[in-house]
Each structure stands twice: as C-alpha cells, then as structure tokens.
Amino acid sequence: MVKVGIVGGTGYTGVELLRLLAAHEQVEVVAITSRAESGRRVDDLYPNLRGHYDLAFTEPQVAQLAACDVVFFATPHNVAMNLVPELLAAGTRVIDLSADYRLRDARQWSSWYGEPHASPELLAEAVYGLPEVNRAAIAGARLVACPGCYPTAVQLGLIPLLAEGLVDPAHLIASAASGVSGAGRQAKVDNLLSEVADSFKAYGVAGHRHLPEIEQGLADVAGTPVQLTFVPHLLPMIRGIHATLFARLSGEPGDLQALYEQRYAAEPFVDVLPPGMLPQTRTVRGANRCQIAVAIPQQRDTVVVMSTIDNLVKGASGQAVQNMNIMLNLPEDSGLRQVGLLP
Amino acid sequence: MVKVGIVGGTGYTGVELLRLLAAHEQVEVVAITSRAESGRRVDDLYPNLRGHYDLAFTEPQVAQLAACDVVFFATPHNVAMNLVPELLAAGTRVIDLSADYRLRDARQWSSWYGEPHASPELLAEAVYGLPEVNRAAIAGARLVACPGCYPTAVQLGLIPLLAEGLVDPAHLIASAASGVSGAGRQAKVDNLLSEVADSFKAYGVAGHRHLPEIEQGLADVAGTPVQLTFVPHLLPMIRGIHATLFARLSGEPGDLQALYEQRYAAEPFVDVLPPGMLPQTRTVRGANRCQIAVAIPQQRDTVVVMSTIDNLVKGASGQAVQNMNIMLNLPEDSGLRQVGLLP
Amino acid sequence: MVKVGIVGGTGYTGVELLRLLAAHEQVEVVAITSRAESGRRVDDLYPNLRGHYDLAFTEPQVAQLAACDVVFFATPHNVAMNLVPELLAAGTRVIDLSADYRLRDARQWSSWYGEPHASPELLAEAVYGLPEVNRAAIAGARLVACPGCYPTAVQLGLIPLLAEGLVDPAHLIASAASGVSGAGRQAKVDNLLSEVADSFKAYGVAGHRHLPEIEQGLADVAGTPVQLTFVPHLLPMIRGIHATLFARLSGEPGDLQALYEQRYAAEPFVDVLPPGMLPQTRTVRGANRCQIAVAIPQQRDTVVVMSTIDNLVKGASGQAVQNMNIMLNLPEDSGLRQVGLLP
Amino acid sequence: MVKVGIVGGTGYTGVELLRLLAAHEQVEVVAITSRAESGRRVDDLYPNLRGHYDLAFTEPQVAQLAACDVVFFATPHNVAMNLVPELLAAGTRVIDLSADYRLRDARQWSSWYGEPHASPELLAEAVYGLPEVNRAAIAGARLVACPGCYPTAVQLGLIPLLAEGLVDPAHLIASAASGVSGAGRQAKVDNLLSEVADSFKAYGVAGHRHLPEIEQGLADVAGTPVQLTFVPHLLPMIRGIHATLFARLSGEPGDLQALYEQRYAAEPFVDVLPPGMLPQTRTVRGANRCQIAVAIPQQRDTVVVMSTIDNLVKGASGQAVQNMNIMLNLPEDSGLRQVGLLP
C-alpha cells in the first residue's frame, strides 16, 4: 500500500482527497495535518467520512510526513514552499495543490503573491500537473504543481485551438464562473450564504492570480506569448466551474469538432461532447472529468468553447490523485471512477 | 454477472440506479425502458453517464425484462402492479421502488391511490424492503416493495422507541422535509426552480400517501396500532430528507443514546451519531446512509429524533440495490460504498 | 419629520431598516452607527441603497443618538442594555431589536445569555413589541423590546388556540425553520454558502435562546405556564421563517378557521389564509406580514398550525417600524406597504 | 386614475407588473386576463398580492381591454401582434413586453420566430422602449415594444462605447447570465429546480432570439452595423441578469469611467458604479435599476463592461411601467421607487 500524507486537511480540497482516496485500493492515508484542529477526529469535522477513516488531525511534523511515499499539500499558498525542500530531501514525492510551484518565474510569482518565494530553486524542477499536456514528465516527477481550477478548465478548452495555430493568441477571452467552494473554507463575510446566494457577480477583473498561470501554460502550447482577458464570476452554488472561451479565428478553422475529439481521444478524463450538446456543471459534479463543447455562432469568425469541471475534483483533488497515479504507475483512474452526481 | 433490467429509467430514481450500479461489480444492466425516450441513448439524457454505459432506452417488453435476473421498477405507482405478475411467473425477481406493493391492505391502497389494485393477490407475498426490519424475509423474496423516502427516514428514526414501548404510540409527530427531487422529473409548474427556490412550505397536510405506509410499518414494530401526525415540507434544494420526530415518553426512558446505538450496531447503513452531533442532509448526499440523533430537550417528557437520508439513495435507489444484494446473497454494500459528497 | 437613529447598522436588520424607512414619508434617518465601518458610506457597503441615502456610518455617540426622537438598536445582545438608560434619560424613545429587554426576569436572562443584565431596572418597563398582543402598551412605551423572529412566528401561530384554552399548554411543539440571514452577518465558517447550501439540519435542540421568550409570551396569553418543545432548523436560503406547530386538542375545537380569522380580523399584518391554502415563505418575502393556516389532519386530536414570516421584516425590522408607528401615532403601515417579492 | 389592463397576467412579468403598480398612485388595474385561469382570483394564484388587489382573471376580450387607457401585454410572442391593431384603433395605448414589435424588419422577425408577423404594418410605428435612448419618441408613442431582458443589460452596457466610436463594432462579445425566471412560468422539465439548481450552463449558443434585437439597437447607436457574439447562460437562481461585455478598443479610450458617468448622469435608473465596485445581481433585486462598471484589465486593449439588472424589473415589468410613465407624462419613477431587496 502506498502511504499518503495530507497537509492542511480541513479545507475542501482536503476532505475531497479523503473522499476520493477512500475508493482507491492501492493507497492508505496515514497522516493528515491541521494546526487548528489537531487532535480532532476527521469524521467529527466531516461526518460524511464516518466509517471510512479512523484518523485524527495532527500537527504537521516533517518526520511523520517524510515517512509517507506521497504527500499532498491541500493548503493555501505559502505553506508548501517552506516544507517541500525537506520532504524531497527525505525522498518523499510531493503533489502540491496550492499555487506555490505553478509559475516558473520566481519574480512573477512574487509580484502576484506579494512575498518572496521560499524555495525558488525548485521552480524549474516542479512539473505542472496537467496530465493532458505533461503526462510523461509527471510520471518521473518528484514534485508536481497541480493546476488551479480555472486554469484547468480554461487550458483544456483552448489547447486544441492554440496548438493548431487557429486563433489570434493575443486576444483570447475567458469568461468563467465558479461555485463558492473555490473560495475555500475560511470565515469571511464575503462567502456567507446570505451574501452570495441568489446572486452573481464578476470579481478580480483587475487581475486574478490564475491569469499568469493560464498564460504561461497556453504560451507553452502555442509556442508564442498569449494574452488573455480573464473575468471570473462567482456562482450561487457550491461546486463547479464553467469557462466560456472566445477566440478570433485566424483563417478557415476546418472541422473543429473533429479536432477536439482527436486531441482528447486518448484522455480518460476529458470528454468532448457531441455536436449540439452543451456542458453543464451538474453533469461533472463529483467526477474527475472535463466536458467540452465547441461552436462558431452564426458562422462568423469568433469561436466559442465551453469547458466545465468540478473545481474540487478535476480542478483540484481529483487531478491531484490522477497525478499521483501517473507518478506511481498505478491505473490512472484508480479512485477516480465516480459517476457524476445528477441530479 | 447478474442481469438487471430497469423499467422507467428516465426519472431520477432510474438515473440514480445507473449511477450506483456502475460501481457494482457483480451486475450488468441489460435493459432500461422508457416509452417516451425509446431509442435515445441513456447518456444523451444523462451526460454524467457518458463512458459508463453503452445503452439506449427501449419500449418496455415483458420478454426482454423476463430474461433478466432482477427487474427494478423506477416508475410512478400503477405501472408495476400491472407487469409484475408476468415477470414473477417467468421467474424474474422484482424490486419495486414505487408504492404499488407497500401496503398489505388492497382496500387501503385503493382509498389512497384512487383506483383498484391490479394484482392484489401479490400484496401478501410482497416483502417490505426495509432491511433493518425485514432482512431475512428480503433474502428469500421474489417481490420486494421498496419503502418510500419519508417512510424510510421516519421509521428508522422511531423504531427503537416503539420497539421498546417507550413512547405513546397514539400521538407520534413527524415534521419532515424533502428536496425537490422527491417530486420526480415531471413537467409541473409547481416544481420549477422559480416556484420553489428560496422558499419553504408544508404540503399534503390533509393527508400524504406515505402516511399509511409509515403507520403500517410502525405498528408492526410496536405491536399495537400507531397514530402519526405527518407534515411533509418542501426544501429549496435537490436531494435530501430530514425528519424531525417528536414522541411523548411513557416513563423513564433510560439511556436513549445507548438504545439507538445498540439497535443499529450491526446495520451497515444506519449511523447513530455521537451525543451532541446533529445530522445534516449534506453529510449523506449521494450515500446510502441514514444518520440519526436523539435528544430530550430540557429533560422534559418529549423525545426528539432527527433522521436524515438522501431521498434518492437510502430513500430509493440505494435501498433498492441493498435489497437486491440481500436477495442475491451478494455483499450487502456492493455498489453502495460511495462516500457522501461534501461540500 | 421624525429623527431616527440606528445603532449597529451594518447587519442585516440594519440595512433592512434603511430599506423600509426609505419608503417612510414621516421619518428621516439622521444617524447610523458602526464601530467597524465608521466613516464608510452606507451605500458603499450596501449598494442597493445608492441614491436613497446620503449617509455614512459613525462611531456610536450618546449625544448624537440622544438628539434623535427614536433610536433603533440593530445590534447583537449586550449592546442596548448598556446604552439605553442614558438615551431614555435624555427623552429619546428606544426600539431594541436585540434580546436585551425581551425577558422580564433578569435571572432567567442571565442564565440564557451567560452574563449579568446591565440595566435590569428597565425590564419591567420595557414593552414586548408584538403589536397583535400589546398595541396599547406599545403606544405609550419609552422602550420597546422587539420580539425575535422565531418568537413572532410561533406566538402568532399559537395565540388563538391558547387564548381560548383549546389545547394542552404543557405539550406544545414547534418545528421551525429559518433562512440563514437569521444568523446575521458575521464571519463564521458555519454560515458559509459552501456549508449550508443544499442542506438542512436542526440546531439548538438542547436549548435555543428564543425558547424562554416564546414560553413567556404564550404563558401570558394562556394565563397558565406553557411548555414548548422547540426545534429550529436551518434552511438553505436567505430569508424566511416557517413554523410548523403541533398541539393536542383538549376537547371539541369548534371552527378553528373562523377562530383564527376573527382573532386577526383587525390586524393589518396577519393574514389568515383561506382553507386549503398553505403558507410559503416566498409569499411574504420582503413584506411585513405573517401568513397562517390551521388544519386538523385526519380529523384526529392534533392541530397543526403553519405560520410564516420574513425573518428580517415581520421578524425584525418591519415589526420594529410597525412599533415605531404605533409609538408615534403614525399610520401603522407607513413604510410597510411593500408587496412580497414573488417569484 | 389611469385605467390599466394586463393581458396574460399569470406569468412572472404579470405578477411583477401587479407588484409594481400596487405602489403606483396614479393608476388602477381594472382588467387582467388569462384563458387558463379565468375566474380565479389573482391573489389565489399569487398570495403575495392578498390585500393589495380585489381582482380575478378574465378571458381576454377586446371590448374590456379597449376601455383601458393603457394595456400591457405580458404574454409570450405571437399574442400581442394579433390583438394590438384593434386596441390601437380603439384609442388604447399599448406597451408590449413580448418580442412582437421589437424588430423593425418583418422578414427578420419571421426568420427568428418561425411564422409570419400578423401586423407588420405596425413595426415601423412601434417605438423601442429603451428610455435611455428613445425617451422622446416613447412620450408620443401609441405602441411601445419593451426591450428584452438581455438586450436591456447588453445595450446599456455597450452604448457609451459605441456612441463614441471607441471600439471595434464588428467583434463585440457578450457573455451573459440569467436567473431562471427569464424562462417564464411554463411547465417544462428543463426548468425544474432539480434540473437547474446547483448548476450552470450556456444555452442558445447557435443563435438566441435576443441577438437580432441587440444588434439592431446597437447599430442605431453606432451608426454602423455591429456584430455581437452572444452567449447566454442559465444561473441557478430566480431573478437577475448579469452581462459581461468585451470589446476591442480602436485607440486611446480616454477616461471611460467619466464617459459612462456623463452618458447616464441624467438617467434615473442607470447607476454607474464608482471605480473598483463591481455590480452584483442582488443589489438590484426587485429594483428598476441597471448598475454598470467598466474596466480595462491589465491596461491592454480589451475593455470589459459589467451590467446588471433584475430581469423582471428593468428587464421587463419595471421598464414597462417606466415607459408608461413617460407616455402618460407621469413622474418617471412613479411605482418604481422600491429599494433592492438585500440580502
């Protein structure tokens, strides 16, 4: 059995890791840390886990974590980058769900996160954990930086167009929307039900931290710098991300439906919908899956791509488990065969 | 592999059966019927099933269904009672999720459902599919009548009290609430999001069809007639039932926490919460589980029990699969190991 | 123009007072206080008020408040009881939306709120602001204690039965449910959308602070002590309270529909629904109104009353304005003519 | 008193007209029609109106309607165009909330609505009821075609840019989202709470009927043809429209904040938010108001405008009342002074 540790287990990506790993036959969660809830049983905080785990939160300790084969960081940014060097040195492999290792440029990281990076020497080694782009590198990685939720939905939606050079890379647009669980489990007035239910708004229009990560990933695929206007919105619901992507066609696009189907034909967790079917966040709820549709409204020169994921699964914990499976040469869908919960 | 057929597969209990059975290693769904959607692929109607089933809806035909080992009826009342006799005659075992075989008294059935019963001769044979009460009988049954969603939550909540004769059986009260999926997938103005979101109301106060079923089941346990005041309410959400139950203590109750824990100690799908923890519908979302708490507010003479299930799982399709497992001597939790989806 | 001050204006009852008073022709809000938001424009925090007020939050100062004709306290408990004596001494009339003056017994207050009462000498003078019971006393009051939201819904529902001695006063049951705005606008994980959306739970079963207030009020009406089993629940929505009330009939009840209609015939804000119609929280959303229905299911001996209000209007700020109108001899519905927002 | 008739009063724009007109001192609703609900009291269908109207639905009859000063059509398309000629002939003024008279080109109308127009001779006379563009023409109109909900939000958001020629008119993008009430009060599976709650999706990507209306209006303002890529989405909530608009700047934009503020300075129902504040649908809930913000993310060459309205108020019934006030030379905000309901 693979021994797994989770740092920062009280948040939503932590409980989601536990939900998914409960169905994973080859791993055992041996440690889950939380300073605030140290000593409390996991299933006291998350009663959906009763009967599935006999585990309590502990203070994070390097020795305990270093004894694991794999450690997941389900923490806010600024935690992993301080602990990872020691864990790697101990031979533990790390999958970081936070933003600490997603950008390759330490100065860019600092400018968006407002502080120096604590282990910039690892930025070059860290593999960006989008299996649909980096599967081979992930397999050999010691340190994987899991993509953010918006970046996963946006990149999977735009990659086929940019890889083929079909659209203007300097004027991409992403109008995306997320359920409130994307904001985490922190006590903030802004995320109270009474503040965000029955309402919809854009936020972070002046600059969202996921923007540089998306532009970095898309530029890799395009082979040229890209510029994206990225407007995230907050949905009055818990789970789900939907990205509506707009790009100007550079010329005759050919059969885009076929292009998308071929690009993702071998991908177990990307599902290009048949023509005429549009994705809904509910059809991927709880599942490690990205569903995508592509259209050219009015046969004009603007292509529209719709891409949807569950932000906590393919946008976070599910993708992290997928990365772990690839790193450990386990079946890529171990622990990830859940059918979306509909209705 | 056990061959399974589903009659009436377009409703929510139908898609939920498919979701659960996708994780069941010993069964194969070979037929799913729908008059309205005949010919349409199942995953076209329910895109969460894409990649999990290669199946289309067919017209219901007795020959095809009779070739199955087990047939589930996920239909409104008045369908099963017409088809079941032929299927039983063909040696197929039947699990009916509808109300057709839940009441033993054909006249009572007719008075609540407004029509004669089409196969009253089977009412005596049909086993009421609440495993926590009837496990042995279910194992040998040809025909199992799955309990309704409210009846499951209410009965599991009150059984320990009535079995021990601790409360006045003539003045039980159930104030229960259900998500809208309990009303099914029919085109009705009353169930539009714009009609029922952001609102709460009681309904069926004058008489709900689940009342006689609950009173029948509780009387069996109590060994005496019971009277229940049953007020269901509609919650502005999709899934979940919560029953708040009130009963007058007849005398010294003793340790009710211990009573409940002992009564359900061997039950894989009933979870008595520790003292001080109250159930929430979200902690059983998507799981085949009933979570229960018991309390005596102010140490007066009224006991309060809170009981919660997912109406589509332990209140319908999950319980149906549990019954199937018992009937076929499979592990009782096959296909039912899903962890609740939280948040 | 009546000069109005509001203490604690950043919470939901504060903004709701402003919404209602914007439509009140005889009053002017001259001061609104908040320590945390001092200096910030009211319409910066609550953009729905843009164009309706030219007002900023200020630090609470007795001198400024004492210059008002009426001061509303829209604060948590433990604020009003410290400031009110000075304001009364200055001749200002006070309407307290908090719990500080609702209980007549200072020791009982202390046992529920865990601290000594700061101005117990005023408890006897404070008038409980339920106009349907105390209109005359309110008219002459210097200090009105506005009822809580649950207490308003429960008392209005049970008063006709208790006033006529038709039910057993020692075994009343209230199964009530509230939208999340009832929990206020504080940064608490428990009230995040991701924690309470799509879910339903009971809370405070062991003892909710609204219980003694309800029992005190009902005992006054009944002329005898009453005992209530009170179970509040949390609804996955913002506004609305629905109370489902159960009582055992002592004898022949007569025509309960007529009883309720007569009891409230002259009440502008209590609406007894016609037979067969059940209240919904959405039909009173935003309106200062209590809608009530009464039924005897199965013609047995338990009466069920359903009572619904908007917790922020008839359950708080609307009732406060109604009290102010009565105190100042203004038309009772000034500022309170809003039609419920449906859908 | 102005005598008002409403055709098709059972839908959401019908009840919303009644809610708003209840607060309008200069009008009296004398007739409200519905074939399906003829004879039923209005407040039996909509209990929020109890005490505000003593009115029942009637069969639509030209004579009764022709006796009104103003008739609102709150109907699906294809109703008004058959009745309006007779009403106009009788001297009654008409405000049509449906799509029948919004497009000036009958052939274009037919191609989008799939049938011939029944009174194409009136298309030239009908005034498009967007007061912010056509106030003078509305004042003298016999027939006003109220804009659709999306068209109102999108046009108000883009008008300042197009009027000044600041952006490329051939590549506008609108990513808009609507609450479910925009789909009306029809019995459709697609709009059940269980189908659309907790989910988000695009729809009508291939072509939405509001597209030609928007392009017609924007072309008028721009003085040149425009092309808009319009993607509507469905929000899991009842009320509210939010449009996120993207346009490519043609050159130096100057001070866009000042441009927007000046363009709408005299408009009572358009509120340009201060810099840094973004609109939310909840802050206009129930109010006849459009709130707008403008930004240029990363100081690149794409401008983003966010525009929000309540689809049933400024997007339908409120705008209709505003048009009526202008037509009848009443204060433009009569009946429209409601403050948004927040939270």
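Letters A, B, C and D mark the chains as written, and numbering starts fresh at 1 in each.
The criterion applied here is as follows: a residue touches a chain if its C-beta (ideal position, glycine included) is under 8 Å from a C-beta of that chain, and two chains touch if they have at least 3 such contacts.
All values derive from a computational prediction rather than experimental measurement.
**Q** Going by the contact rule set out at the top, which chains touch both chain A and chain B?
**A** C, D
**Q** With contacts defined as at the top, give the pair, C-D or A-D, that has more of them.
**A** A-D
**Q** Determine the centre-to-centre distance between chain B and chain D, using the mean Cα coordinates as centres, and give it in whole Å.
**A** The computed centroid separation for chain B versus chain D comes out at 45 Å.
**Q** What whole-Å value do you get for the distance between chain C and chain D if each is reduced to the mean of its CA atoms?
**A** Measuring from centre to centre gives 36 Å for this pair.
**Q** Any idea how many Å lie between the Cα centroids of chain A and chain D?
**A** 39
**Q** Hey, what residues on chain A touch two or more of the other chains?
**A** Where chain A meets two or more other chains at a single residue, that happens at 12, 181, 185, 194-195, 197-198, 236-239, 279-280, 282, 285, 343.
**Q** Could you pull out which chain B residues touch chain C in their complex?
**A** Counting only chain B, the residues touching chain C are 171, 173, 175, 177, 194-195, 197-203, 205-207, 211, 227, 229-231, 233, 235-240, 242, 244, 246, 248, 278-282, 285, 293, 295, 297-298, 300-302, 304, 306, 308, 343.
**Q** Touching residues of chain C toward chain D in the complex: what are they?
**A** 12, 15, 18-19, 22-23, 44, 46-52, 181, 185, 197-198, 238-239, 271, 273-274, 277, 279-280, 282-287, 291, 337-343
**Q** So in the complex, which bits of chain B are touching chain D?
**A** Contacts found on chain B: 12, 179-181, 183, 185-189, 191-198, 236-238.
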